[in-house]
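I have a structure I would like to understand better, so I am pasting it below and will then ask my questions one at a time.
Every chain is named by a letter (A, B, C, D and E) in the order it is written, and numbering of its residues begins at 1.
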Amino acid sequence: MARFLVKRSQKLGTAPGSLIFVGKQKIDQVMLEFFSYDKSGILNKEIKHVGELKGLIDSKKVSWINHVGVHDEGAIESIGNFFHLHPLQLEDILNTTQRPKFEETDAYLFIQIRMLHLKEDGSLYTEQLSIVLMDGVLISFQEIPLDVFDPLRERLLRPTTKIRLRKNDYLAFAMLDAVVEQYIFIIEKFGERIEHLEDQLLERLEKSHLEQINLYKREINFLRKTIRPVRELVSQFKRSDSAIIHSTTQPYLRDLEEQIILATESIELYRDMLNDLLNLYNSGLNNRLNDILRVLTIFSVVFIPLTFLAGIYGTNFKYLPELDYRYAYPIFWLVLIAVAVGMILFFKKRKWL
Amino acid sequence: MARFLVKRSQKLGTAPGSLIFVGKQKIDQVMLEFFSYDKSGILNKEIKHVGELKGLIDSKKVSWINHVGVHDEGAIESIGNFFHLHPLQLEDILNTTQRPKFEETDAYLFIQIRMLHLKEDGSLYTEQLSIVLMDGVLISFQEIPLDVFDPLRERLLRPTTKIRLRKNDYLAFAMLDAVVEQYIFIIEKFGERIEHLEDQLLERLEKSHLEQINLYKREINFLRKTIRPVRELVSQFKRSDSAIIHSTTQPYLRDLEEQIILATESIELYRDMLNDLLNLYNSGLNNRLNDILRVLTIFSVVFIPLTFLAGIYGTNFKYLPELDYRYAYPIFWLVLIAVAVGMILFFKKRKWL
Amino acid sequence: MARFLVKRSQKLGTAPGSLIFVGKQKIDQVMLEFFSYDKSGILNKEIKHVGELKGLIDSKKVSWINHVGVHDEGAIESIGNFFHLHPLQLEDILNTTQRPKFEETDAYLFIQIRMLHLKEDGSLYTEQLSIVLMDGVLISFQEIPLDVFDPLRERLLRPTTKIRLRKNDYLAFAMLDAVVEQYIFIIEKFGERIEHLEDQLLERLEKSHLEQINLYKREINFLRKTIRPVRELVSQFKRSDSAIIHSTTQPYLRDLEEQIILATESIELYRDMLNDLLNLYNSGLNNRLNDILRVLTIFSVVFIPLTFLAGIYGTNFKYLPELDYRYAYPIFWLVLIAVAVGMILFFKKRKWL
Amino acid sequence: MARFLVKRSQKLGTAPGSLIFVGKQKIDQVMLEFFSYDKSGILNKEIKHVGELKGLIDSKKVSWINHVGVHDEGAIESIGNFFHLHPLQLEDILNTTQRPKFEETDAYLFIQIRMLHLKEDGSLYTEQLSIVLMDGVLISFQEIPLDVFDPLRERLLRPTTKIRLRKNDYLAFAMLDAVVEQYIFIIEKFGERIEHLEDQLLERLEKSHLEQINLYKREINFLRKTIRPVRELVSQFKRSDSAIIHSTTQPYLRDLEEQIILATESIELYRDMLNDLLNLYNSGLNNRLNDILRVLTIFSVVFIPLTFLAGIYGTNFKYLPELDYRYAYPIFWLVLIAVAVGMILFFKKRKWL
Amino acid sequence: MARFLVKRSQKLGTAPGSLIFVGKQKIDQVMLEFFSYDKSGILNKEIKHVGELKGLIDSKKVSWINHVGVHDEGAIESIGNFFHLHPLQLEDILNTTQRPKFEETDAYLFIQIRMLHLKEDGSLYTEQLSIVLMDGVLISFQEIPLDVFDPLRERLLRPTTKIRLRKNDYLAFAMLDAVVEQYIFIIEKFGERIEHLEDQLLERLEKSHLEQINLYKREINFLRKTIRPVRELVSQFKRSDSAIIHSTTQPYLRDLEEQIILATESIELYRDMLNDLLNLYNSGLNNRLNDILRVLTIFSVVFIPLTFLAGIYGTNFKYLPELDYRYAYPIFWLVLIAVAVGMILFFKKRKWL
């Protein structure tokens, strides 16, 4: 619930650029992970405070600062001051309800995107990722330690991987690639469920199917809202002529753009499929209603005249000659059977039977 | 009601540029609020007539004239003459049913937008805001004193705020930012109600839900009509190369553009959700109809043959041998039970039970 | 009826540029109204024939020739020859079923648009207006004398109005402005009716509402077809760099463009509303069907077993022990009541009552 | 039927540019009609073989070769060789299922379009027209002699018509103009039928109306598929800067573009109308279902309790005191009437009566 | 089933450019087919390993290497190394779930597309085709030996065909042309089935029709997803200014673009038709429901009062004077008939009969 809410009312009336956390605090303590690498080696260190960075950043290497926990406005302000970030971007980092975007300033590139995780119960967990990409340094901000970057960290530790041979623009690409890969994985999972639902629906109609269609519609809408702006983001990243982005990274960005186009097209396809399922469900309901009422009508129409005839000979009129006739009862049965057979033939002709 | 009406028939046949108030007068008296500020200090004064402005406007400071009440054509004309505004813009200021827009003339920028307020009963109150932005002066026109600018006024009074350090282009931005922030707050509120309605609908179907879906559709359509043109307005403001807009204000306008994109996308999302709710409601109705008619059919089909059989043995035929048979009555019951059980098995097989 | 028909079959096979009237003749006689004005004075004269214009047109003044009645192919040809109009434009003037358009030739601007009038019975009356705008001269063609230009004629007669101070480009603008103003007035009227229909629909469902929804859909579609191309027309007029259009007229054309955007957006809004009303109507129908069938089912299901039981004790079996039992009848009633109460509790549990 | 089929499977696996007839042969023999004209005179001659053209084509005059029957691959190849046409265009001429298009090569312009004829039984007959427009020569290819060019031929024979005074670009325009004029005529006819259907539907609902709606949908879809690409075709023709097209033809091409825009817009309008009719039909059905079931429910609910009461006093309980009471029968009737009246009042209150 | 799944989860967490097969292995062994040709001659040879190519590639001829089976990552890597292909393209070749695309690098053009085959049971078989087009060499990758290129191979073997006279850009075109030709053939087949379904639906409504509509919707959606990106692909191929593409190939690419536009437009048309069929089916269901319930209502309403009257005279009231009346029974019958006739007239008036 409340997934589509913007929920930023706490900021009502504050000045633009005010550093106010918007969202739900998810961890107690800010954590700072530091990497510094080039082809020759890599340093990986957990740090306490942004001040420690002074001695650590080596302008010839790639420095990656992974800041976990964006609820601490003071910590964000410190890092902002250290790297001379604009208050508007700091405000955006603190606001965990941002629309995904790519922004370019004179000194750095700024990216915001949502990371998705699929929980074991099949529901989605979502977290905002902000990336600042400046000369020699990449700073990433996320809400909780869990992320999709573990395979990337492993590649960082191996000396001959592409990521170790390249600059921080490739690192930024690799992070986005990992996020988008996860999108595709999740769409794949939802797709499986939707296609399974279709099979069930074709086999047997149940009320729970309607609820599931509705549930998947909401999930797909949520995915759509999350993923669609990323297409624009990646396209802007690719087209940027910032000096930070090297030409050898271009093919990778183009590859990333293909992935995100595939993701958005798949989402549109599943939206269409859900609408088709709803139509199928409704037509199925109508079919069943037809069946039910056909049964009712056939039974009623066959027996109504029979019961009427029985009523006639159940009357107590003194002068009712048929009652005294010797073969009245068997003839009566013959009439009943004739009427019933006539009705049934009528339905056969109408192709109701 | 009548919210979507254009209601400008009183102007039929008048010349373009005619100064005629279009709308509903909401206050008795025009009020003029005057601010003049720079980093060194601020003057805040209520004035009676536009003539008093002569001594007050200091070309080195930012002057903000907030004109409340646009029903008084003479007052608007006076201010128009004082600042050399074009009659077409004066006409627009007097017409409270304008489509939001941004206009650029040689001497000033002209902005029209609707301010929204959420009343305590949950309904919307709406008021037109017109802004004239010229060298050193900002004139705002609104219909009633109530507005969304109180936090902004407070910041004006504090000496070190950004707004005090900057020119009137930033003031214009800050006003639009406050208006758009209010939009997002209101969409958030409607979103909560729509998501709550969905939960209710999934739990239990009621006729009032249909009325609510319809009501929210109208409200969302009204919000859409009000907010969508603002996206274009903000984009034009941002792209304007007027000398009045300083480069340091650009990042703020870009930030504002993001907000309004978020607002319009959320509105589209809630529109889709309302259509989905309507589909859900209709499918729910059909489901219930199925249930009702299944019950009717099962009862009818089980009892119709039984009642027919009872009718047979209620006839008064003289020669009806079964009636005299000793065990006829218990056998009759056995037949009835057998028929009933047969019918029920029939329905079990059809999965209606 | 037949409002959407193109009805030009009489032209089938004729050469392009053939002067053939297409439409329905609405008056007997062509009428020619002549105005010649500048700030110093105005001449207003009815003329018989285009030849009289020779002495009347003063190249230093604005000449307006208002030609009423386009069924007379000879008259149109005469005026065409007099002013050197292209046969394709003359053909268009004679064809009263044209799509609204703006055309620019070396010598003149050519505009076609539909004027709407709201008749007293609430239906629409429509007439084609063609305008030729050339150096110093404006020629307008309409089908019947009734038009929306009376307020404009009054302003012409007053010496200090804007229209008297300006050239014929402003006159053309003022004519289009009057036409568009009328559009907005008419949309406003339809909007009122549609919103009134919604109120009625929410109160009580009637078959006539369906017919009204359908009727308004057609009217809105007609308005849409008539008004939408005007947006393009006005935009082309505004963007034209013809020497006939003075820069002081530009703000007025921009104002006109805003009006027509407002008009088209309102039409789209009312189209959406009509679709919503149709959905509301259909859901309302389904709701009522549910109600009707719930009543039928409850009554049937309560009484069907009771009637069956009565039937059992109406049989004439000789050996039917309950019939002879002293308290059989009161017990029978108790059983009936128990069954009925049971059924009612069943429905209560299902929330059908 | 099978109108939407592409039906080109006979070409599967052949080389691009293979000269293979695709379609249904409609005449036995190819016919070649030849015209050569300028203002001074006209020659009209039927020829047997393309070789005869050698002596006939006069480079100072306009030559029009009208080739009827495209099933003869050899004939098409001969004409292709004679005029140096590209195999891809020859292939297209032989394929009667082409999408309408405009193509420009160095030597000639190539146009393909479908001609429509309305048969007497109201159905459509369709035939492909290909036009090659090169310096001084126009070659047209059609499938059967029947075409829409007879009025054009008549104008050719008259010495002072525009067509005789101009070059073959005007001839090409005049042919397209004739084709498009026929489109508008046919849309007009369909429009009449659709509007007539709406009137019938509003008067009385019949099953055949559903079939008609479906039939018209298919026809309109067919028209749409045929006509929509022509808009693009005409626009490309108009914008072409080929030396073959003279500037005096431009206004005529612009006029043609207007016609085709009108045609496509009318088709969209009738599509919308057919969807509205389907909605109207469905709502009408639902209305009738309501009526039917209201009648059933009222009758059932009034009589069910009455029949039950009669059943009670038809039981044969020995001790049933009411039966012996002197005024039981009249009182019984009073009770029956009271119950019936009560039920009827109940329905009145619910506004079902 | 699972046709819309992206199914690439096995790649989750791997580095971009990792050579991992994604899909289902369909053959055991990679096969390499080699062609080398110019107008003077052709060599066709099956090879085992990419190393053999060294002696075979003649830079003056066109070399076509057809690589069948993309499950073998080592084989793909070898060929990639041999021709200096970028790892991202190798990754794409190994991933059989790619979105169709055209890519241009400095050294080669890269195309991916899906080949479709229609199996004998009417279902679709699909396989990915990747093409690398570099100076003098074309490398194609497919999953199984079956393909649509046999007619093309035959043309290659004949010395005077266009394909032998031209370079490898024409070969690439011819391959795409064969693939697109197959698309059109398949759409044609589906179209036939859909139009056949429409005929059946108009004749008689069956539950299986709903399933078929749904099935065709899925198939058409699959075709759409497969074919739509090809339009973009072909357009990019046509617009490319790579030196590999000769100007004489341009008209062929334009022809190909026409084919693919025709294919996509036909798919949209059949999508619309399927939606129309679903509407037709639902309206048909509603029609039948009306019929069923009209029968039920007529029977019930005619017999309900009759049965009630019989019940009255079946009561055992001691003092029931009609029972003793001599002509009561015939009069009773007259009353029954009168009531029945009255009811039937009532239905006639309502036009239900």
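One rule holds for everything that comes next: a residue touches a chain if its C-beta (ideal position, glycine included) is under 8 Å from a C-beta of that chain, and two chains touch if they have at least 3 such contacts.
Bear in mind that the values here come from a model prediction, so they are computed numbers and not experimental data.
Taken together, chain D and chain E share no touching chain. Fitting chain B to chain C on Cα positions gives a rotation angle of 70°, stated in steps of 5. The distance from the centre of chain A to the centre of chain C, with each centre set as the mean of the Cα atoms, comes to 42 Å. Spacing of chain A relative to chain B, judged by their CA centroids, is 26 angstrom. Each of residues 282, 286, 289, 293, 296, 300, 307, 311, 314-316, 320 in chain B touches at least two other chains.
If touching chains are joined by edges, the resulting network of the protein chains shown is one closed cycle, each chain touching exactly two neighbours.
Traced around the ring of touching chains, beginning at chain D and stepping first to chain E, the chains run D, E, A, B, C. Touching chain D in their complex are the following residues of chain E: 150-151, 155, 161-163, 173-174, 177-178, 181-182, 184-185, 187-188, 191-192, 195, 199, 202, 251-252, 254-255, 258, 261-262, 265-266, 269-270, 272-273, 276, 279-280, 282-284, 286-287, 289-290, 293-294, 296-297, 300-301, 304-305, 307-308, 311-312, 314-321, 350-352. Taken in their complex, chain C has these residues touching chain D: 1-2, 4-9, 11-17, 86, 88, 92, 98-99, 101, 103, 105, 204, 207, 210-211, 214, 217-218, 221, 225, 278, 281-282, 285-286, 288-289, 291-293, 295-296, 299-300, 303, 306-307, 310-311, 313-316, 320, 322-329, 332.
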